[in-house]
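Letters are used for the chains, namely A, B and C, taken in the order the chains are written, and counting of residues starts over at 1 for each.
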Amino acid sequence: MEPVQTSFKEPSREAEKEGRSVLPASQNPKAHDGTAAGRIVLDADDISRALTRISHEILERNKGAEDLLLLGLHTRGVPLARRLAANIAAVEGTTVATGSLDVTMYRDDLRSHPTRAPHRTELPAAGIDGKTVVLVDDVLYSGRTIRAALDALSDLGRPAVVRLAVLVDRGHRELPIRADHVGKNLPTARSERVSLRLSEIDGEDEVTIQ
Amino acid sequence: MNRHLLSIDDLDVADIHRIFTTAAEMHDVQRREVKKLPALRGRTVINLFFEDSTRTRSSFEIAGKWLSADVINLSAKGSSASKGESLRDTAMTVTAMGIDGLVVRHSASGAAAQISQWIDVPVINAGDGTHEHPTQALLDGYTLTRRLGTLEGKHVAIVGDVTHSRVFRSNVKSLTKLGASVTVVAPPTLMPAGVGDWSKEAGFATSWDLDSVLPDADAVMMLRVQRERMSGGFFPTAREYTIGYGLTRGRLDLLKPGTPILHPGPMNRGLEISPDAADAADSLVLDQVSSGVAVRMSVLYHLLAGESDKTDGGTA
Amino acid sequence: MSILIKGATLPDGTTTDVLVRDGQIAEVGVSTGSTSSGEADQTIDAGGLRLLPGLVDLHTHLREPGREAAETVLTGSRAAAVGGYTAVLAMANTNPVTDTAEAAERVFDLGRAAGLVDVQPVGAVTKGLAGEELAELGLMARSRAKVRVFSDDGKCVHDPRVMRRALEYVKPFGGVVSQHSQDPALAGPTACCHEGELSGRLGLPGWPGIAEEVIVARDVMLARHTGSRVHVAHVSTAGSVEVLRWAKAQGIDVTAEVTPHHLLLTTELLSGYDPTFKVNPPLRPDEDVAALREALADGTIDAVATDHAPHARHDKEHSFVDAAFGMLGLETALSVVTTVMVEGGLLDWAGVARVMSANPARIAGLEGHGRPIAVGEPANLTLVDPAAQVVVDRAASVSLSRNNPWHDRKLTGRVIATLLRGRPTVLEGALL
């Protein structure tokens, strides 16, 4: 069943937490001019190149596509995982398993916000046991989302290896977590907002900083 | 979403959909090897049951435990006016233990609402007398939505001891909120007082004739008929009730093919529902039970997991 | 001891001075007032106030003996005095029940000891209110308490044979049976909400108007048959009013009372399941309320009676069906009647004096109460500010209980002073 998702009108809380823009494209008309919505630090080509590089790194590290599962974290990690899978498929000529992971229930700040309905967690029928799971997220910041994702994974099974791929690492970690694959390291101040927009969700690809 | 769930009136349509969305995720958790989410870790929920109900209590207990809450069952049966302690004292005492949520079942209508005015933790009504049973209606609505895709424009027949049914009172509200039309079928003696004005205002239909309603129904919800009602003179004999208002084997032929059949349980096989109907391929009775845990997990999560006093408004 | 009440407006609208001396009304008139003022021990300025004969309540629950945590004869007497009453009839459903001469005398004596209002015990119709065997009606009538009103109130004398015998038996001593009209088969012990759309929605056991009406209809026919007098307590439905109107037109000896709460409060108040509004008979819809007001105005209903029913907090803090029936009424009755009937243009002040004093005193056979304000009459008097706006505060009540359905409600009319046989029990709105 895919229930009517009236509840998803609300802004993503993780997005706020990570200091990203939560405005959908339609409500953010000035996103292109690089002033009102911030400075563009990665354009569509940059994003594409970064994802291609990460795809190669994953393959290299895993010595092929076997037993690989690319698990996207909601919301923007999910399309990123699919793009990485498509890249790998193009290189290797095999399909790579993807899935989505919602970590709402595992967050350590659950009690400081109003609750919201979780997104779908979708795993391949074979599960995650013995797999090389690559968690895919858009922006790595405090590390708390990844901590929650690792807890969620342990309830879902026992992967052989877990790795982390992010498009942007903006620093300011609050937990001992680092990414295995990084699209771009972006030094930021805490007061800045890093916004990723993806064509699947926002109608275009770019990373801005504000 | 309101702080308490006392009645379907506490929920708007967006709230109901939000509960369903979360319930769908919880449903997946039920199929996992590790049936556990940490959302309510460190929180304590008391199931305060003034009236026996193994299935509802178990459902709430499992739901709470799968969300990692500490769940304690308290049977307060017999704690009525005659036994000395007042309802308020019982509720205050239980809450004073330092709990985070109270699930209340009581044989008296309005008991959960009254308790919610005395204590400062969220109260979930697990059935109050002949008033409401909101989580039952939510799980019925969820089960039907999964089956029918949407309830918008669908026609649901609710059949049986309507006047004594909290399941009916909650369902008629939630089903109509979800866009379904509802026809209530019962003999005149089992219709609630004032149902004429009520149905006009609330937008549901009533009928004394089951056979004329079944062919148009997209779902049939049978209500339990307690045999004690016979002594109350509500109907003459079980046989007469079954022939007039039971979902008999013969009546299954009146239904459109694939029409789902619901029953909140426990079923009186042979009285309001025949074995042919209860065990039919289109019977959703067991789906209701498994949905019950998922929906109650969802309700507990939304009322107890977040910042106290509110959950995100989705009513924009 | 003498008191001069200066410039009071009598029920008939004339403004005058009234001199009270030695428990009686000594002089009435403007000129006498001015000449007598020098000799009065005390003067009450009654400019703009209405002077009524002391109010009489046909229906009060004082709870003593048995439930002294809810009310005692003393605290109930205080509430009555504050409400402008000089006499109250204390219902028999105490523990033990007032079903013997001794029990009646005990209540009577407690009332005299309190000394704030005349407490007149009501005797039970049947032993232990069980509805089966007649209580010692005659002995209660002969006792010092001189019981004249008999009632199983709280329960209906539902067996028609018992009711018939009771009506016949009280004739020699001028007794009257005050009936709590509730057919127990149509409205059982759990019935607690007017049967209608709201009871259907709330899932509360319905108390249909018909359960009252069939008993009222039966009882007026029994009264006609026995040639005896019957009094209908707390009439609550338009159907009962119709029966009463018909019966009175037939010349049947029937009287009836209505409570302040049935004149103003409606069943919708139950939607929050607050047991403060649980009362028997239950609050009814607007149509019934309108019929009751009209019946009180046209004399079909003779009297306003409070059915003051105090309850300790713990008896109300149960689920709605388990909580005790009843609400406070003594301290607010006059204000409710002023608001509903006088402001509503349905009764003038002579009418208020009639339904709250003269008629109840006559129905109960109480001597010295409900008398005209005239020289030589006992000085049982109530002084009312007809224009005062009051907001009811349950915490300010002198009753022991707090089951006050009028809390926070804005009402018009306030009792300023009450005199029992010339002695003030309340002055400036406060108990002395």
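Points to keep in mind about this one:
Here is the rule we use: a contact is a pair of C-beta atoms (placed from the backbone, for glycine too) under 8 Å apart; a residue touches a chain by one contact, two chains touch by 3 or more.
Worth saying up front: this structure is predicted, and the values here are computed from it rather than measured.
At the centre of the protein atoms shown, by the Cα-centroid criterion, sits B.
Each chain gets a centre from the mean of its Cα atoms; the one farthest from the centre of subunit C is A. We define each chain's centre as the mean of its Cα atoms; on that basis subunit B and subunit C are separated by 45 Å. For the pair subunit A and subunit B, the distance between C-alpha centroids works out to 39 Å. Measuring from the averaged C-alpha position of subunit A to that of subunit C gives a distance of 76 Å.
Residues of subunit C touching subunit B in their complex: 195-204, 206, 208, 272-275, 314-315, 317-324. Per the touch definition, subunit B reaches subunit C in the complex via residues 80-81, 86-89, 106, 108-111, 113-114, 128-132, 163, 166, 169, 192-195, 197-198, 201. By the touch criterion stated above, subunit A contacts subunit B in their complex at residues 1, 3-10, 102, 104-106, 110-121, 151, 155-157.
Contacts from subunit B toward subunit A in the complex involve residues 13-14, 17-22, 24-25, 28, 32-34, 36-39, 67, 145-146, 150, 301-302, 305-307, 310-314, 316.
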